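One chain, subunit A, links the two complexes that follow: it is found with subunit B in the first and with subunit C in the second.
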Partner chain A sequence: MKHFTKLAVAAVVAAITASASLAQELYTPNLAYRTGPFAATGIPLMNGQADYLNMLNARDGGIGGVPVNAEECETGYSTEKGVECYEKTKGTAIVTQPWSTGITLQVLPKTNVDEIPLLAPGYGFSPMMDGKTFQWAYNAPAGYWDAADMIIQYLESQGDLKGKKIVHLHLDHPFGKEPLPVLEALAEEKGFELVPIPVGLKEMQNQSAQWLQIRRERPDYVIMWGWGAMNAGAITEAVKTKFPMENFVGVWWSGHDADLAIAGQDAKGYKSISWSFPNADAPVMAAIKEHVVDKGNSKSNEEEMSGVFYGRGIIISAILAEGITAAQKHFETAEITAPQLRWGLENIDMSEARIKELGLEGMVPPFKTTCANHTGNSGGWMLEWDGEKFVKASELLTANTEGYASIVAEKAQEYADANQPWAVNGDCSE
Partner chain B sequence: MLNDIFIAPFADMIGAPDFLLQVLWEGLVSGVLYALIALGFVLIFRSSRIFNFAQGIMVVFAALTLVGLHAFGIPAWISVALTLGVMFVLAVGIERIVLRPLVGQPDIILFMATIGITLFLIGGGEIIFGGENKQMITEELGIPTGDTVLEPWGGLLILQHVDITVVVVACTLVAALLGFLNYTQMGRAIRALGDDHQAALSVGISLQTVWVLVWFIAGIIALVTGIAWGARAGVSFALEVIAYKALPVLMLGGLESIAGAIIGGLMIGLLEKLFEIYWGQPLLGGNTETWFAFVLALIVLLFRPQGLFGERIIERV
Partner chain C sequence: MLYRTAGQFKTSYEADQALFPVRQDAVLLWVILGFAWVVFPMVATEFAFQTLLIPVLIYSLAALGLNILTGYAGQLSLGTAAFMGVGAYACYKLITLMPWMNPIIAILLSGVFSAGVGVAFGIPSLRIKGFYLAIATLAAQFFLVWLFEKWAWLYNYNASGAIQVPNMEMFGVYIAGPQASSIVQYYVVLFIVCLLTMVCINLTRGTLGRTWKATRDMDIAAELIGINLMRSKLTAFAISSYIVGVAGALFVFMWRGAAEPNLFDIPLSFRILFIAIIGGLGSIMGNYLGAILIVGLPVVLNLLPNALGIPIDSAMVEHLNIMIVGSLIVFFLIVEPHGLAQLWRLIREKMILWPFPH
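Right after this comes the complex of A and B.
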């Protein structure tokens, strides 16, 4: 009996200590994919994300003095595994980062019930821009409909699009189909013909049929919503079929240095719209080197760190950190809860001054979120592959959000109606 | 509608014969590669009745080993030789550690074992080589990278030198394999095991030796396939999915038939490309390659359950 009492006391003490230690961190799980067919694009992003948060932990003791635990749960980009990871990590999480449009669509209704902010920077379901309907979901700093609009704006700056033909080469997956409503509306408005061409998951490496169709269609431009091995596959096929690279533009997930390096000089002129840009001279890079890389705590390497995707990983973590900081200041507590982070994420003010203060100069355009706008619509730069690396090929482009505001409202309402009962943010008066 | 199905596609073919030639060429290249992957499956199935689920990951593993060794500064062709050495060690390891203890077990157990090998190679490969997309050492291997542009009937036909090389190498490999299987003692041993397991064992054919050999041949095929596909879009774990393209080839050609693998691969490569371009894209929105080969194989199975070239199994009860 004596032993049992001792054991019970020890168990209670251990439980109290464990719960106290658990509370001493901000748990921000990341549904990462470092394995599987899309690992090549996932790894630099995850490394950038991890290195930024590790730098904050090492340099500042975390955010507001509380360490961040950005534990990764491996999904392999599989929607089923992503949902499992969400369920496994949601307990004490203050945010979930689903990392695929497929997973985002699956966990979106769950987060609205579980009241956990869903952070999907630059991906996910585009109507998430409507913060009143999607009060727990964020895709700042820009969504796919912004990307579609900016790409068409850029192409229009090269000449009138009336009577032109544009191929939308896309992964046959929710991600690839996401920009279609806006592209179709723009096609009608601007008078160009839109030809969607899907690429199946098994055809990513061998897109000869798709590029034969492109050859037959003779489009003026090809825009690409590609991911993983699809990007390299498309670029090598474009080179092979002698499609003019300057007329080939990808979304920001189709602008990965390693994919372009496979075609090298042959891919010179290929473009990709992007809301992030790597800047080796930015102070944040020096801080990461000092506090993470030099201490042997980074999984990255010098070449990867100079690429677009690593830099984007940094920005994604910086957006999360800004949401946490905003919430900590507003609620005057360092150990924030998920509902408090929701407030923080819809009150991010990433101004030029703040970007400089964070040491992120030139790496992300300014943007601001509100309770009504969860996307922020930062705009982006058109990047161009110069044969060895991406360089900026345009000034900052901004999406004409008014042009598709009605589609956002319509699709958001459709989603809410289809997922009743759907809690909306009635307190948002903007 | 009838016009779109029965007349327009053929009118397109006649109207643009250069384009038709391009479609046939692309289909031939894909078909040769499908046939090559299918051969890897068939050789192992014939000798051991094992459906090798690991064939796809072996392609990735072989290509990653080659690129990884070259990254250490080892010359390209020495890297090829060393990669073949690694595939041989892998074949010996699989036979000793996985297959030998499972001799006599039901087929499904052996199939599950190959799933285990797949998971092991995925994990091991990611730990050793990482998941990043790597560039195939095409030029270092001396594979020509330019193209030849022809103008048949005043049109345009682009033949990539890489594709020509792939077709030549794959055909040579297939011919060498057929020669090996038909004219060498060990090749005949493999065929004997495929024809009658018990009888082959009773005349002293070593099951262990044959298994090591067929898994090593599957490794060679994996390396050639990995180089061919890696030259197109880089080397990453995404290459694994191309092995699934061989499944309808096996259904069509029969799991035991070498000729079936070759003819089935070529048929599927050509037909899926023709269907996609002339019927799939105009009528069904494209991406029919994902399912066309399976539907074709299913139709064949309705009439010939053993596949076009498979052996009819008669079980007396």
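Right after this comes the complex of A and C.
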């Protein structure tokens, strides 16, 4: 036992000195999951993230002249490993990207004490929008409550929702329950009936019971908050029970090309709201091809690179890079620290012009973060599966954030109260 | 040589019945305790506390609880994680309903709730044995996790369905929640683990332990010599679930900081069962050895490539890790099916005879 622990201590010391000796870089670790039950969705996202930053390193020598070290720490989507990775990387990291809702919930209170920005684009805890309370947490460009609002808006544009019945098919997990407060409020306002149907983690692959219930309920629409194996399970089950696909809408994590490719033409008409879109003609794709893929430094492949999730990975890295650039400009130093990056992330201005300058045309809607709003509420497009790939099925939808501003404030306050003492951003005057 | 017991005379009954009658054992124990109480806290980093020291202790305690039931009383259980969950949720309710309560008292009290639930699910053991009992405890596992999901009162109607540990103070120091420092949490865990281990060593040596062992080895024979099987089995369930419940409360309050119901699902039960089996059933020390192998080793293996400067993907490290730990488990089980504790016992016997084995 003694030998073992000595070895352990020696290894820890060595690891810390090793990472401390590497100066002159921006350390932005990513708590990746290329293994485990969710690897199929994790790999394209991680490849997109890595390829974009590798491209910046190869083309521009990093950001502001300092190379980015986007080391991955493998979690396998397990909360336990996620916390291990967080502890391992937090020493020199300027940001943490927790990836799973479970890890986010665990790490969120810690980042407020350790003062490290937490970047959770499009996932995590929706009240993180309140930047005054959650000064270290960011879920730009859009949160789950935006998604719920936009989906309902889209469905409303197809016809009045009064008296209609909408099923909310969700993973029985914090992630799946997240949109419920907003959906309930909207149901009351618009006069439709909301039927939440949970899918247990053990039932993800076999949802026959849930779809039997859906058949019995005869809903007008089904909204899905699914992840991992649940998406493919739901889509195959919907095809089997002949549910009209055009009335089936998923959140952005339920829009993975590979899940739909299984059903192919049968899934035609399935929709997914998304704040990212894969644009093969965007200049950034050419740059990635030239600087990363052609040099053999990418783990991706042609098919994956044309998918929604790879494109989303690029956008996530681009948001991080924008935060870093903003901080570098403001503080006039290339090697920024974690608190400086915090300022940068709350002053991102992804304007139409800036998106063009970055070569991301058509891949992300414009958005802007402030110290009071950490989400940015970019809005999104309704994507539709045409049998082979996702295409845009709507103009840019924007969430009506005022509709649930009071819920954000209330939940954020609740969180802060439950975690007293909780440091809030008193300098923010907006 | 090192372990020579010649010349250690016992002159009183007290000395003969000491916890560690061999002097070298006692010295070794003091050295280990010295490391645990003084040396590790001085040298350990935040990372070592959070990923090695605290989890190894908590998992050891959970395995110890299971070992009382499975290793000593011979009742196979697959519901350990669910009983941990009962402890964790009970502690959460105690803390939120009575915020003035001392956190350590709350943690120790929460075990009482899981003991009650444990006894309830232990009642079938009076009629059924072996694999059939394992199935009955499996029912507890599924039922309780389902209950954690559905009974919103348990998580205070939180929208996300998860429980979050609030900041808790004791004598002006934060001991749980995000504000608490790792070293304080480590000492709280260490204190409780040491306390319960002491209790368990004594329990298993005493009347209760002997009744458990008799029940395990042959229940009919035990009944014939006048052991009340019902009492023996139900006390085993109660004490085992108490310890497992305390481990569950520590697991969430002193380490994880937040928990969702599926955390207490069957993989955690299996993990603890593996620790107990690989460490050695019917042994106290085995739980610690097992936890070091199953919980600590993967963390160290993950660090090695980086420490040695080998450039290797973190996903690849994870794959290698699973392969290495898996083959080590197979290796140890082939070399010593009775677990690491037995391995140590053999080494110790050899050392006592060395250098003149007969």
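FYI, the second predicted complex is superposed on the first by the 409 of 430 C-alpha atoms of A that agree within 3 Å, B and C clash if a C-alpha of one lies under 4 Å from a C-alpha of the other, contacts with A are read in each partner's own complex, and residues count from 1 in each chain.
The definition used in the following text is that contacts are C-beta pairs under 8 Å (C-beta built on N, C-alpha and C of every residue); 3 or more make two chains touch, one makes a residue touch a chain.
This structure is a prediction, so every number in the text was calculated from the model and none was measured.
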Which superposed partner A:212 touches (first subunit B, second subunit C, both, neither): first
First (subunit B), second (subunit C), both or neither touched by A:172: both
First, second, both or neither for A:322, with subunit B first and subunit C second: neither
Touched partner set for A:71, first subunit B, second subunit C, both or neither: second
Which of subunit B and subunit C A:35 touches, first, second, both or neither: both
Partner chain(s) touched by A:84 [first = subunit B, second = subunit C, both, neither]: second
Subunit B versus subunit C as contact partner of A:201, first or second or both or neither: both
Of subunit C and subunit B, partner touching more subunit A residues: C
Touching both subunit B and subunit C, residues of subunit A: 34-35, 172, 200-202
Subunit C-facing residues of subunit A, complex: 1-2, 4-5, 7-16, 18-19, 32, 34-35, 71-74, 76, 79-80, 83-84, 87-88, 91, 101-102, 105-106, 109-110, 112-113, 125, 172-174, 177-178, 180-181, 200-202, 411, 418-421
Touching residues on subunit A, where the partner in the complex is subunit B: 34-44, 172, 196-206, 208-210, 212-213, 215-216, 228-229, 232-233, 236-237, 240-242, 258-259, 261-262, 304
Residue ranges of subunit B in contact with subunit A within the complex: 16, 19, 22-23, 26, 29-30, 122, 126, 130-133, 135, 147, 158, 160, 229, 232-234, 236-242, 244-245, 272-273, 276-277, 281, 285-287, 289-290
List of subunit C residues in touch with subunit A within their complex: 31-32, 35, 40, 43-48, 50-52, 55, 149, 159-162, 164, 166-167, 177-179, 256-258, 260, 262-263, 265, 288-289, 292, 296, 299-300, 302-304, 306-307, 309, 313-315, 317-319
